[in-house]
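Letters A, B, C and D name the chains as they come in the text, with residue numbers starting at 1 for each one.
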Amino acid sequence: MSQYQEKATVIRTEQFSEKNYRLTLDSPDIARSAKAGQFVMIRAGFGKDPLLRRPFSIHQTSTNGQIQIYFKIVGRGTDMLARIKAGDDLSVFGPLGKGFVIHENFPALIVGGGLGIAPMLFLAKSICRLKGDCGNDQIILGGREKVEVEPLVKDFKEFGIKMLLATDDGSYGHHGLVTDILSSLELHNRCTVYTCGPEPMMARVYEICKVRNVACQVSVESVMACGMGACLGCSRPTSKGTYAHVCLNGPVFKAEELVWNS
Amino acid sequence: MEFVNSRKDDLPDLRVNIGSLKIANPVMTASGTFGYAREFENLMNLHRLGAVIVKGISLYPRAGNPPPRIVETACGMLNSIGLQNVGVDRFISEKMAYLAELNIPVIVNILGDSLAEYQEITTRLCGVPGVAGIEVNISCPNVKKGGVAFGTDPSMAAAVTEAVKERADVPVMVKLSPNVSDIALVARAVEDSGADSISLINTLIGMAVDLKTRRPVLANVIGGLSGPAIKPVALRMVYQVASVVSIPVIGIGGIETAEDALEFMLAGATAIQIGTASFVNPRASEEVVEGIGNYVISEKLPSVRDIIGQLSVDLQ
Amino acid sequence: MEFVNSRKDDLPDLRVNIGSLKIANPVMTASGTFGYAREFENLMNLHRLGAVIVKGISLYPRAGNPPPRIVETACGMLNSIGLQNVGVDRFISEKMAYLAELNIPVIVNILGDSLAEYQEITTRLCGVPGVAGIEVNISCPNVKKGGVAFGTDPSMAAAVTEAVKERADVPVMVKLSPNVSDIALVARAVEDSGADSISLINTLIGMAVDLKTRRPVLANVIGGLSGPAIKPVALRMVYQVASVVSIPVIGIGGIETAEDALEFMLAGATAIQIGTASFVNPRASEEVVEGIGNYVISEKLPSVRDIIGQLSVDLQ
Amino acid sequence: MSQYQEKATVIRTEQFSEKNYRLTLDSPDIARSAKAGQFVMIRAGFGKDPLLRRPFSIHQTSTNGQIQIYFKIVGRGTDMLARIKAGDDLSVFGPLGKGFVIHENFPALIVGGGLGIAPMLFLAKSICRLKGDCGNDQIILGGREKVEVEPLVKDFKEFGIKMLLATDDGSYGHHGLVTDILSSLELHNRCTVYTCGPEPMMARVYEICKVRNVACQVSVESVMACGMGACLGCSRPTSKGTYAHVCLNGPVFKAEELVWNS
């Protein structure tokens, strides 16, 4: 497993809403070696403040050496990232962590909510590429309002994978939660549900999977200092009573490995 | 010191002696910030390091604190990892083989909550191949004294030092806590008790509050402050301690660059450790080695040892 | 506390009591960072302040240290102003008239190198119109004890407090030094000796080195570290002290915004002081008053007093 | 004396050499009230690092509400300022300090070296404007090499004031020091010499003035935290054995008020 610290040039910046942005970075080493579900640590700003890198899922990679991240302004680091302009350089470190495990022979059901949509494009692409045909797979994407979902749909549609959309306020797709849609679907008993999104959403997705007895992989977050196993800061309680480290043992886990407060 | 000048002439002489422990250059990785070194093998040339100091090891495995364990602060971070580690036995059986093969000095950072525990860990580390030294973390709470940290009381600091020295078969470096009224007093007590060297500083005790939840950010409420924010305090303490002890002093605290490292050496440090900086830039320690080398060359110094303690101070 | 609810309903109730000293809001300016207030009169509305604390005053004028006196550090700064001030007599004759007319509480920060000096300054301040309180800076070296700071020893801290209390005709706030092993111990000693309130923290002792000149940056070698870098240490100490004393605690250290101020109040501070932030933004203190007001309104709090010490802490 | 904290939009950036830059800022309150020799404190960067503002002389003001600063990259703050782009905002605080005292009826001789040229444009403009005719005044500008002097000369020439130029390496104007030129000039016994530049240069200028018995005003530097008299950090020994504060009592002083190490 190789990791790289790259000085990545910003190729393109896209603003989807007041707070949601997408950056395209020239980062050939990371693009070449990344797997869906992995993440990168990015340094925001020039000075010593903010000090630590910030973790972001790899949104997608391209064969010409580019990666994308899709993010939301929630604090100082992301605020600085949103000010970045095409042509600027960013220090990017990755790919980090364990990605999603893809099962070639059984259907995949992807459930992404809010910023949890970020890693799902890379996952959908990987699944379709691996399987050749993703006619049995499905994607459910949701968000609070239209701007959190609609701008991303186009890229997902490229693979002909079946999409189901929802917004909390009904401004786009189904009026309600992604978990409403999930509950309403028939699930192949050997399918895998992949999910990323707010904690309560993932907890609920896992609950549904448990009841239906299907596999569930979750991509979780944690505060991180190093992103690579050196600080032990990113601990998360496991169902065995120990701690897992999100950057090293995750960010993708089998849902049953973790403790869920619901 | 005896340094035979066997080096190639175009390479800077970066060797320093931490007492009887001879290292190729003054750059070490600070405990708890470099895992067990293996984590960095793809990211840098580990062989360039003066020494590796591994995550603090206790007698028995410790699970550590519940999350959140870290939070960023202005130019720094707080951690309350809670000394999570695999325990000395698994450390020896699972981690040391790799470390020993690196062929760089490995210094094992140890911690305990009683003198007996410090002694027992030390005993178990005796004769383990690859262990070049022990760094004693005395910032841990002394359970017998109601949880007061060993390192905040000169006599307890002395007692730990003595206990470890009694058993150790390698040089002993004692790592001081900065959360004290008089660091020179603790340093002298530790020196008098036989420490081979002194490293400082460990983290300052701090806290962060989340206004939205009205709770402390860290599950453990308080944590240790590290990073550039603490560098001025660290430099001051290194300067103070180096002025009063005659054993080597190892400087720690907010060091990110070769310039930072050289400032600590001017203030009296024989060597330095890179901590939090490795999180931001995994190659930080190697870059500091390179930078110190470039400085020695550009300043035409016979060796890096020629700047140790060379700060000119004239108090008016 | 007795707060008659005479305020207009659209204005947030920001009043707090520092013992018998009643102030309109919990925001004060920290000593040494706000001159004698007049410097700021064109830049902000001084009347919005809860209180002004002026630059530390000694018995006789002090010239202060030679330059350089300040140096920036990561998210902070070191200062070694050397307590330059005009002395208590000229302070009273030249500075107090303006301050008294401001009609906001003026707290005079005092310093000395002996108990007698502290007492004499206090005596001269008795009856001076406009003086609402005295803040005792105990981070100064005690000349009789070989220069050890009064504030690093609980018994010396207690002695200064007693000495000042004996003479003072206004409430006495004692300002603690953070450079101690056990801040709670000092706080309790100060409370037991009659302090009406406790403010903390003063600066951490630090140092900066200039690699090019191989000299300390500050002419005085060491200086006091302030600014955002020290906020985690300050928050921790305020929390610790507020847990063990029953007199009001005033939080200081790296406060730049209303959020910072509210974090200190959650941790137990009844009021706060703005220091270094005023250098970066001369309107910082006024903006913090505004921000706290907005918070009280948006959180629908009956008064700002309802958040003091409201941090939920459940240690697992 | 009024001071303002303005959010100033950057109107123009000019790069004169690898390290020397000039910024034009829209800062109407400061432009309106500034006097030659005064300075502004500018916040570089977004985060808390660098923390403190940086002092810069006002290079010139314009009647349409703009001010200029002329600076050199010497550290992190100036490095960040050099990355500023037109359209960005900067927090500017000023005008601060005491400016030059201009004597209407006697000749002025301006001596600027290196970055010390910065305040001299404003001074020259002010003198010419006040006197109407500056035929008896002179300016000596010097620097290490051509790029430190030549790009600035055009703006000075606008007033028809007599200019004498020097560079250490002879790449532009006289080959040598500004003080060589100064020594070679005849000075009106009631003229005032105004100087700003490296300390040794100013010390030498003052020495010459002392010998010739003419008035000398110097603009000096100091590290500063607040720029407005609140921190007492910017002390400088005076010939009376006390300390003056550069931000409040200066940055312009009568040379004889200060201690000079030469």
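The rule is short, and it goes like this: contacts are C-beta pairs under 8 Å (C-beta built on N, C-alpha and C of every residue); 3 or more make two chains touch, one makes a residue touch a chain.
Here the structure is a predicted model, which means the values were calculated and not measured.
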item	value
Topological distance between subunit A and subunit C, in contact steps	1
Subunit A and subunit D: spacing of chain centres that average the CA atoms, whole Å	54
Centre-of-Cα separation between subunit C and subunit B, whole angstrom	34
Inter-chain centre distance, subunit B versus subunit D - centres from mean C-alpha coordinates, in Å	47
Touching two or more other chains - residue numbers and ranges from subunit C	66, 74-76, 227-228
Residues of subunit A whose C-beta touches two or more other chains	48-50
Overall pattern in which the protein chains touch one another (line/ring/star/complete/other)	complete
Subunit B to subunit C touching residues, read off their complex	66, 73-76, 78, 152-153, 179-182, 204-209, 211, 213-216, 219-222, 225, 227-233, 235-236, 239, 254, 259, 262-264, 266-267, 307, 310-313, 315-316
Residues on subunit A engaged by subunit B in the complex (per definition of touch)	1-3, 5, 43, 48-53, 91, 93, 222-226, 228-237, 242-243
Of subunit A, residues touching subunit C in the complex	48-49
Residues of subunit A that touch subunit D when the two form their complex	45-50, 76, 80, 83
Contact set on subunit B toward subunit A in their complex	32-35, 39-40, 42-43, 55, 63-72, 74-77, 79, 81, 84, 227-228, 256, 276, 278-283
